[in-house]
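Heads up, the next two complexes both have chain A, just with different partners, chain B and then chain C.
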Partner chain A sequence: MNAIWSFIRTDRRFIFLVVAVTVIVPVLVTIPFPVPVSNATRAAFNTMEGLKPGDAVLLSFSYGPSSMAEVQPQVEAVMRHAFRKGLRVLTVSLFPDAAPLGSRALARVVDSDEFRSESGGSRLVEGTDYVNFGYRLGTDTLIRRLGQNIPQFIETDVRGERLDALPVMQGIQNFDQIALVVDFAAGDSPDWWVVDGQGRYGVKVAVGVTGVMVSQQFPYLNSGQLAGLIGGGVGAAEYENLINAPATATRRVATLAFVHLLIIAIVIFGNVLYFREQRAAAEGDPA
Partner chain B sequence: MTQSMSATLGIWIAAILTLCLYSFLYHDNPFYKFAEHLFVGVSAGYLVARQYFNAFLPYVWEPLKRGVGYFSERDLRQLTQAGETAHAQPSELIVVVPIILGLLFFAQFARGHGWLVRIPVSFALGASMGMGVPVVFKEQVYKQMNAAIIPFDALNGSAVAINAIIVLVGTIAALTYFFFSMEHRGAVGAVSRVGMWFLMIGFGSAFGNTVMNRVMLLIQRVEFLLREWLHLLPT
Partner chain C sequence: MRTTLPLAICLVMGLLMLVQWFVPHPLSMELFRRVNDWMLTIGVFALVLGIGSLIMVHTRRVRRQTANWPYSVVVLLGLVVTAGVGFVEGFAHPLRGLETTQALPYEEGTYTAKAGTITIRDAGVKGVTLEKGDRVRVLYEGGGHTDALVTTTVSDADDGNTDGVVTAAIAAWRQGVPPENGTAFAVIHPGADVFNWIYEYFYVPLDSTMFSILAFFIASAAFRAFRARNLEATLLLLSACIIILGLTTPFIYVWGKVLPMIPEAPTAAKDWILEVPNLAMRRAIMLGVGLGSVAQAFRIIFGIERTYLGGGG
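Right, the complex of A and B next:
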């Protein structure tokens, strides 16, 4: 045992190797893992479920490649749910690096088998069922401008089509006609949406955030300022299971569980050896 | 499914750069340095290009053009298609004010004129305080205070009431921990220690979530390498 501990202590790359193996094996051999649903994710699902066909939902992308592992599956799951319910989907990117990721998620969901028409193409039509505003400058100022007048400020979608000519935008002037905003975030944007979107204009807001941010968002959920909270990759897996479409996140959660077990084992192992060393030192026996 | 040449090339570049970055786990090396510098350069270039197309052109260049009545052939075509006529709109020249304010930020680099930077900084601070303070206090202070108190209406042994008690005790104890006007002894010290425990649990939760986040990133990159690059997983 002491020999193993000495080896690990002198070369911590051994831990990296074990973690790598613990990740690779479950990825190669798919192992089903139960995903219990949290109240926070269920609240987001129930809010979306409560909307009527034709209602408009605005998906705000405020994340980047460094957080896409967790947030991208959330986006795809929520988008799929929205299209299934026949909602009008509006998307906007608050950060420049979020725009291509949002577009990619939109393309993956729109072109997926679930929404394929008999002719082979997607039955979801850009401009009729959904619209992508692309990246828009302004962060919190943008939210305030959208709250005043969306078509006047945005003018055209990402393809250059005028918003006032698009069927999907008919009747949508500002947040009064938006039934729900879902912000997918890896930074400060949930605060902006809570303060400016929900607080100033009264639009209902739910968020999907990285695991690191979950703890910061719970006060907003408890106070009712957020209508739902999807937390990290686990939240994405929960949402996938709620809409009965297990995909990327559900697979990743199984792998994640194995890595967590490994980390717990390493922490226990390290502590046991540490206390053994302490005791040995106290007894005057150098370990 | 066959991939285009550019897609295949992109996957190979992404895979090699991923391996270059993870090679740091072995030890620092030139491959890691190369990937790191490339990432910084590409990110900066991407952001500059995005800001040029999404900020400079629509909010600086186009309003100036409309203000002085300068229209390119493409502009005229688009106006004709939209059924509008081309004429100067002097009101658009108001954009000169924010342009000057923006340019004044660079005054700090001019010897002897550095004080000019105070003008845009003062404007930005004043505007954001004026617009933000009332609503931020309402949304992030008053509503949170309300949420910490109101659930006590439901003190009937339910889970909501238990949660409300934990939130209230945690809030008071954590605030006491940061209350330095009294010595942390006796009752104050005991409450402060409870506050420290709440803070430690909060930090532990945040750290656990951070570990989960980082592991998710690793899983995603491993999936990319095994699926897109090595084709060991079904697409």
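Right, the complex of A and C next:
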């Protein structure tokens, strides 16, 4: 027995193997789990739900491939909700590596069956229902400039079309005409949006962030500076269920749940070993 | 003079930016706009510095053949190839790698252009499919052109025959609606996009993999380091376990079955930890950092803090 415990303690590959099995099995075997909705995600949903058709929502992408497993499903769920409500969707990437991911999410939602027209194409038209600004240099400076004059600063969309000629941009000059900004982030951008977007220009801001960033956002959520908070893969699954469109994140809930339980089991197991060693050391037995 | 001038600029600009926050006058807003544009311009220099530094560090490693120098070769190759492809594609195909077909010759009634559609009648489009994202370009007789994006994929065969008549839905004409009939036109197809290919098949898998393997190391670290060694460590451990369990749906489901009188307890406990102790601690840190930033800003504006000038003040 001691040899087994000693092996587990010294060879990390055993833990790696258990984690790999716990991640892979739920991917192969679909296990439906109920998804309870947190207050923070419900606030984001309610904020979006409160907007009127024709309102403009700006989706800001500030993440990359490393965090796409958590954030990309959030983007698609929020985008789908916005299009369902008939909102005008504007997208901008604050990080260069976020732009292709934002475009990919946009294409997946726009071309999905839900928005297919009778002729077979999407009934959502670029330039009329949505516009993609692509990557724009400047991070927090960009937010301040957008707050002053969007079409003057951006000028053209990602296709090279002039913004002032696009129906989707009619009447939009600055943040006064933006009903909501949703920032999807894996870095500092929620702070920029709260300080510059919400603080300086008064635009309503919600965020979708990675799991490790959730706790940092609660002061902003509690003070009302954030109108909603979608946290990690679980938050994405919650949002998918709120809009009744279970997708990637909902399928991953089982994996997340089993890995969470595994981590708890590993922590308990590690502490059992620790106390066993402590007791053995106190009794003078080198276990 | 070398120190005085930068200090004076810092003092004037610092005070101006401080005052403009409270004065929403058009002049103040114009100053704010210009300063932000300068910041964007200056920010580009950081890119040059960063790339220069990267090249120097890794070139030195390769030249001296220090430990793991082959990795530096990979870094330099990655930089040169990615940036090179980006520049070449950018210059050759400013419209993201679009390739232009040969312009079809002008004939009366070759096309009919309207605000939202173009109908093309030409043997050149017999059996042809115009993909969403293609462009149709109308060339003016006296030179110049206007073009528009095809918004929906459409084929000559869609109407049941391949007669060389295609009506495509288009986005707005970029230089205004062209004359309804006349002149020549071309169809522009998106060409190979190597830059995006590099992003899609090198960068995305590599970046995702690097982050994904954290799960294995976190599990290993939890096993080795997350021990109830003292009161503080025990509190941390319990809080972490409550939050993890509050996010674990099978646990919440089983809890609800076992203790139906308090089914929401795991979620409520998780929310309480995040919204009360976590919030209080985060807010205290943020207020402290904020006050510290204000103090430091004043020190810089008034020239008390000069280390940013170099030479240790």
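Heads up, the rule we're going with is that the second predicted complex is superposed on the first by the 286 of 287 C-alpha atoms of A that agree within 3 Å, B and C clash if a C-alpha of one lies under 4 Å from a C-alpha of the other, contacts with A are read in each partner's own complex, and residues count from 1 in each chain.
The working rule: contacts are C-beta pairs under 8 Å (C-beta built on N, C-alpha and C of every residue); 3 or more make two chains touch, one makes a residue touch a chain.
Bear in mind that the values here come from a model prediction, so they are computed numbers and not experimental data.
Asks: Looking at A:I263, would you say it contacts chain B, chain C, both, or neither? Reply first, second, both or neither.
Replies: The answer is both, since A:I263 touches chain B and chain C.
Asks: Looking at the overlay, does A:R252 come into contact with chain B only (first), chain C only (second), both, or neither?
Replies: Only chain B; A:R252 stays clear of chain C.
Asks: Figure out whether A:D97 sits in contact with chain B (first) or chain C (second), or with both, or with neither.
Replies: both
Asks: Would you sort A:P219 into first (chain B), second (chain C), both or neither based on which partner it touches?
Replies: Once the two structures are laid over each other on A, A:P219 reaches both partners.
Asks: A:Y135 in the overlay: touching chain B, chain C, both, or neither? Say first, second, both or neither.
Replies: A:Y135 sits against chain B, while chain C stays out of touch.
Asks: Look at the residues of chain A and decide whether chain B or chain C touches more of them.
Replies: After superposing on chain A, more of chain A is contacted by C.
Asks: In the overlaid three-chain picture, which partner chain does A:V125 touch, first (chain B) or second (chain C), both, or neither?
Replies: The second partner, chain C, only.
Asks: Across the two complexes, find the residues of chain A that touch chain B and also touch chain C.
Replies: 16, 19-20, 23, 66-69, 97, 137, 144, 162, 214-215, 219, 222, 234, 256, 259-260, 263
Asks: Write out the stretch or stretches of chain B touching chain A in their complex.
Replies: Spelled out, the residues of chain B in touch with chain A are 25-26, 43, 46-47, 50-51, 54-55, 59, 82, 131-132, 135-136, 138-140, 143-144, 146-147, 163, 167, 202, 205-206, 209-213, 215-223, 226, 232-233.
Asks: List the residues on chain A that touch chain B in their complex, please.
Replies: Against chain B, chain A makes touches at 13, 16, 19-20, 23-24, 27-28, 66-70, 96-97, 99, 135-137, 144, 162, 191, 194-196, 198-200, 210-215, 219, 222-225, 231-234, 252, 255-256, 259-260, 263.
Asks: Contact residues on chain C for chain A in the complex?
Replies: Against chain A, chain C makes touches at 29, 32-33, 36-37, 39-40, 43-44, 95, 132, 149, 151-153, 171-172, 174, 196, 199-200, 203-205, 207-208, 210-212, 215-216, 218-220, 222-224, 226-229, 237, 240-241, 244-245, 247-253, 267, 271, 274-275, 278-279, 282-283, 286.
Asks: Flag every residue of chain A that touches chain C in the complex, lowest number first.
Replies: Those residues of chain A that touch chain C are 12, 15-16, 18-20, 23, 33-36, 38-39, 64-69, 97, 100, 119, 121-122, 125-127, 137-138, 141-142, 144-145, 148, 159-162, 165-166, 214-216, 218-219, 222, 234, 253, 256-264, 266-267, 269-271, 274.
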